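First chain A sits with chain B, and in the next complex the same chain sits with chain C.
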Partner chain A sequence: MTATSVIELLRQQIESCEAQLRDLRQQLAEAEHDQQQEQTHDRLRHATDPHGDPLGHDMNFGIHDDFRSEVFAALSHVEADKPSAPRWPLDKSEYKRYGRQLIMPEIGLQGQLRLKNASVLIVGVGGLGCPAAAYLVGAGVGILGLIDGDTVEESNLHRQILHSTGRVGMTKVDSARIALNSLNPNVKLVAHTSHLTPESAIRILQLYDIILDCTDTPASRYLISDTCVLLGKPLVSASALRTEGQLMVLNNPPLRAGDSRGGPCYRCVFPKPPPPESVVTCGDGGILGPVVGVMGILQALEAIKLLTRNAQPPLTSEPMLAQPSDPPSLLIFSAYANPMFRSIRLRTRKPKCAACSAQASVTAKALESGSLDYVQFCGTVNPVDALSPSERISVDNYAKLRLAINPFTGMEPSKESHILVDVREKVQYDLCSLEGSINIPFSMVSHTSSHPYNEGNGRQQGAEEQTWVSSLRAYPDKPIVVICRRGNDSQITVRKMKELGLDNGGQRWIGDIKGGLKAWGQTVDRDFPDY
Partner chain B sequence: MGNIKFSVEFSGGLQDLFGQKKIPIPSDKNEDQIQLPKLLPGESLKLKHVIDGLAAKLKGRNAKLKLFVQGDKGFYEVTPGILVLINDSDWELEGEYEYEIQSGDQVLFVSTLHGG
Partner chain C sequence: MYYPSSASALICGGSFNPDPALPLTTSNMVKAPPGHFSILYFAAASTFTAKPSEHLPAAIKARHLFAVLESKYPGISEKVLSSCAVSVNVKYIDIEGDDAADLDLLIEEGDEVAIIPPVSSG
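So, the complex of A and B:
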């Protein structure tokens, strides 16, 4: 059993390394191809050989030799005189590459030049950052900065489209650079391979024209917004969870703090952070790839709109008026609603905002000195610690209880001796579960009031809740073992069961399994799926 | 107030808290009904009454209640991180808790998302 799993592990590792090698070879081939093309291109541009020139070919016929040499002398003279002055504002290959957006009135030559001269920073190269970066690099921004301190994990790949199977374990920034460079080698990519900190935020963000917040925690959202206000940069902020996404363009226009005509910042909209227990991550709540993809692409779109604003002067007959900024709004995307998009009007700058008002307490000095603790400001969730050691059992001991042969009866495993309650939601329970367990979803447990007679939620619900409680009451002698994904909800469930009196005043043992199914998969049953 | 018909909607995960995306008020379904105060003649229904009524539906489930309202100050305040919108515009533009509900209003509670 142990030997085969080691062999299997090695096989998987070799397979992964080979995939990575294949991937690298392909990247190398592409990079070499690009370089070769560039060199050929340069040679063509600087070629003086008239025979290679289509123009020279035409002139070979019916023209005096003297005149010909004069013309060539003149042509080569011009070229020798101004070797660096380009004939067109964009490189020939750029006309070709960006042709489909160049011919749009919203972009045009001026818009493309603005993109080329612009620098954009992407904070977080995950589900939002990957598609946002891909479209901005595709569109030809001059410089793209990437910040992330994480490495690529297998569970990222369904949505973080710049990364690949072969690059699992690589830093997200490096993985993204490889993909983006092969997409468009004209864009200069700047790597910042550690997470943004209050001390480094100003130094890094000041290098860029527009910031995209593609992060996933409230602390980083406040930090990025505050820094954008201090530096006068517009901020395109998005987030996504499960089937929904939200998008805001903040600090737009990015006027200085105290100027009420400036756009609201993240603190204007959310002056106080949410309670930490209400913050759900993609790892816990789930995320559908295209949902976060849509939001990342919308961020790229808003950045392009901001960079190319007023790039095309209006027709001469119309008065020259600068387009005003769009009024501040929050776009809500909901994949399973109809309609899927909904835009709501947001407030303007908050007169007493801590970041962007005249009374702002967030200053560059406070930020750089590290005296603003964003993690503390947003709070953290303490690990659940609701039970005493005697109410908890380790996965190893539970495995013994479950699998060991009973020394008295000789053979009967102890599986039937207790009730194993799995409190993960049904959809997770259906993915994989321990044999013999029963599923009582945590949402049902937490819907159940500990004081049944104070129930104010309507009859039907009350009756339903009673079912799981009474079914456990029907076997008053069997100990109850509760398990969940990581060992938090199981503790709360044990508490609730005791409040409901299911332990018969302490006569029946009720407890949970420490570390949940994650620990079970790591130490007891290596084949148990980890999702 | 008997004639006022409006709706309450939830987004950003709050729909899971209430088990509904949208509750029409008054509702056809008994279990969706929310308790609203009896108003004296001339008194009007305010947004704070609706918030109290919604909070009452979560009573007895403290962990959930706190995700919607906080009652530290002796009255219910919407939990930070939740935007309240009246007919698709920020409630700060409309008078917040004191806003007088009109027939046909759509009140939307949006919890901010953080994933990315």
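So, the complex of A and C:
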């Protein structure tokens, strides 16, 4: 590492630590202020409580200052021995803080008390968990649990609204606690700073009334749903990717497995996990902040609705009937579609569901013993290993090839020594690319049939899809070097090109760059953007 | 740091994206023409078909829906449909397995079918 980059790194670290210190000082100041206010408040309450101060009226002018403190001390002593019941069900500051929701018939005093007595668990303090937690803490739930094993990264900040630039590197749970505590110090926050596991799921989830699934993998979604069914907890599940989101309130009502009147679980809706290679993360697929924000906020809303349901007795004199829970539905949000929301009415529990039917194979014992392997159930993607070593070139060797003598042919570098094909999608290629590269998006490569002359397989080849193949065919002698973001799609592209015969039966070298542009940025050109 | 200009000027220099202006969304779906039903592709399904929606000839039985899509988009069954939820006129239908409840449901002219893959990220 060069001296300059060390200095730069140290500067960044100091900046980050200073920002954290500033944050902590602000926290401390707020906490001290709160404490001071509380003490003053207590003193005032003791001094002016109309029930505890029968002498107040007469003595206002009559007692000498010296005696007054003694009298007040004696009175408050008596009061401390016999604490009277609070005059109002909520603290005065709570009336003020929650006033705007308290005056709504959907909440009212009973609803607020339900919220105050409730405990909610947020699994995953990311794009969904941050806004969900903010609104639940704002609304005054009694206890909020937070589970996450990750630390805050810079690329989280555009959507994970509880974290901040100064807290990059801090655990997400700690970062969220700082933000939530300054939002509403009345809420008790419980930290669980490691990822949920099958072994720990029952122990942790059983402490809470409602669970919010704000995670980002298929395995965690099945694990959380199964555990909620076993424990009889309603589950508010949401997800988001790119411009779309999904929301479901599951296991509601949370009746025991086999009771068909209970709400469906995640397995009832999606019995089979998606093939692992088709699972796209926000890091690969992208995510728009407000899209995941909308979904997280809807989770908070559904949790509040569940907690305050039937809080207000009906005005009519008819016998009170518990309102049935809303029929189960899957809400789909598509930010760029019209309409943006579609609500799909779900069925009841699946008669053969593995988790919530009478034939359920998911049991507490199986879960806690670790015999239910969720990672295996959902499958894992092995790193792509499609090429032999002779078909791959390291970023260092490729840098030499661009600058100096070709390690394969011994030739001096020339402008037209090879063709560099970048297979990232166009939008990424436009962000940054190596000079002289051409862009053939991987989506086009993968949609091109390897057998263009076999008309029988039904797939029509678009004229444009063929263009990239014929363009490369037009330069039969030049080696083709393929690069992508991380070095996976480039391998598959090399395979496809060879299947298409672009290597002229082995006459032309076609290979890829190991580790892709990420490796290029890490070892060759440190100024190359990492996104 | 290292920006050699050696390998420039290769072929074309352009991009081969078929239609970069086409967003993969279900915006402004037009009503299905006579004899057709509408089908909406969400998430991974719209990525695979490279379209947000289209119209397909009606009527077909729900049990044949995946076969119709497979013939139009080879590979879609295994890669996308196997884990999808399906709805007809915003009602979830169960067509998974040989004894599923809605296999004989008729998808008729004017119906709206949705292919809903699970989205797991967040």
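Rule of thumb we're sticking to: the second predicted complex is superposed on the first by the 471 of 531 C-alpha atoms of A that agree within 3 Å, B and C clash if a C-alpha of one lies under 4 Å from a C-alpha of the other, contacts with A are read in each partner's own complex, and residues count from 1 in each chain.
Just so we're on the same page, a contact is a pair of C-beta atoms (placed from the backbone, for glycine too) under 8 Å apart; a residue touches a chain by one contact, two chains touch by 3 or more.
Worth saying up front: this structure is predicted, and the values here are computed from it rather than measured.
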Clash or fit, chain B versus chain C on superposed chain A: clash
First, second, both or neither for A:Leu128, with chain B first and chain C second: both
Touched partner set for A:His418, first chain B, second chain C, both or neither: second
Chain B versus chain C as contact partner of A:Ala366, first or second or both or neither: neither
Partner chain in contact with A:Leu346 - chain B first, chain C second, else both or neither: both
Touching partner for A:Cys282 - first (chain B), second (chain C), both, neither: both
Comparing the two partners chain B and chain C, which touches a greater set of residues in chain A: C
Which of chain B and chain C A:Leu241 touches, first, second, both or neither: both
Which of chain B and chain C A:Thr217 touches, first, second, both or neither: both
Partner chain(s) touched by A:Val384 [first = chain B, second = chain C, both, neither]: neither
Touching both chain C and chain B, counted on chain A across the two superposed complexes: 124, 126-128, 214-218, 221, 238-242, 244-246, 269-275, 277-282, 285, 287, 292, 330, 332, 334, 337, 342-347, 447, 457-458
Of chain A, residues touching chain B in the complex: 124, 126-129, 213-218, 221, 238-242, 244-246, 269-275, 277-282, 285, 287, 292, 330, 332, 334, 337, 342-347, 446-447, 449-451, 454-458, 460-461
Residue ranges of chain A touching chain C (in the complex, touch as defined): 124, 126-128, 214-218, 221, 238-246, 269-275, 277-282, 285, 287, 292, 295, 330, 332, 334-338, 342-347, 350, 352, 399, 402-403, 413-420, 425-427, 429, 435-441, 443-444, 447, 457-459, 462, 464-465, 467-468, 471-472, 474-475, 478, 524-527
For the chain B and chain A complex, residues of the former touching the latter: 11-13, 21, 30-31, 56-57, 59-61, 63-64, 66-67, 79-83, 85, 88-90, 92-93, 108, 110-116
Residues of chain C touching chain A in the complex: 1-18, 20, 23, 25-28, 42-44, 50, 52, 71-72, 74, 78-80, 82-83, 85, 87, 90-92, 94, 96-97, 101, 114, 116-122
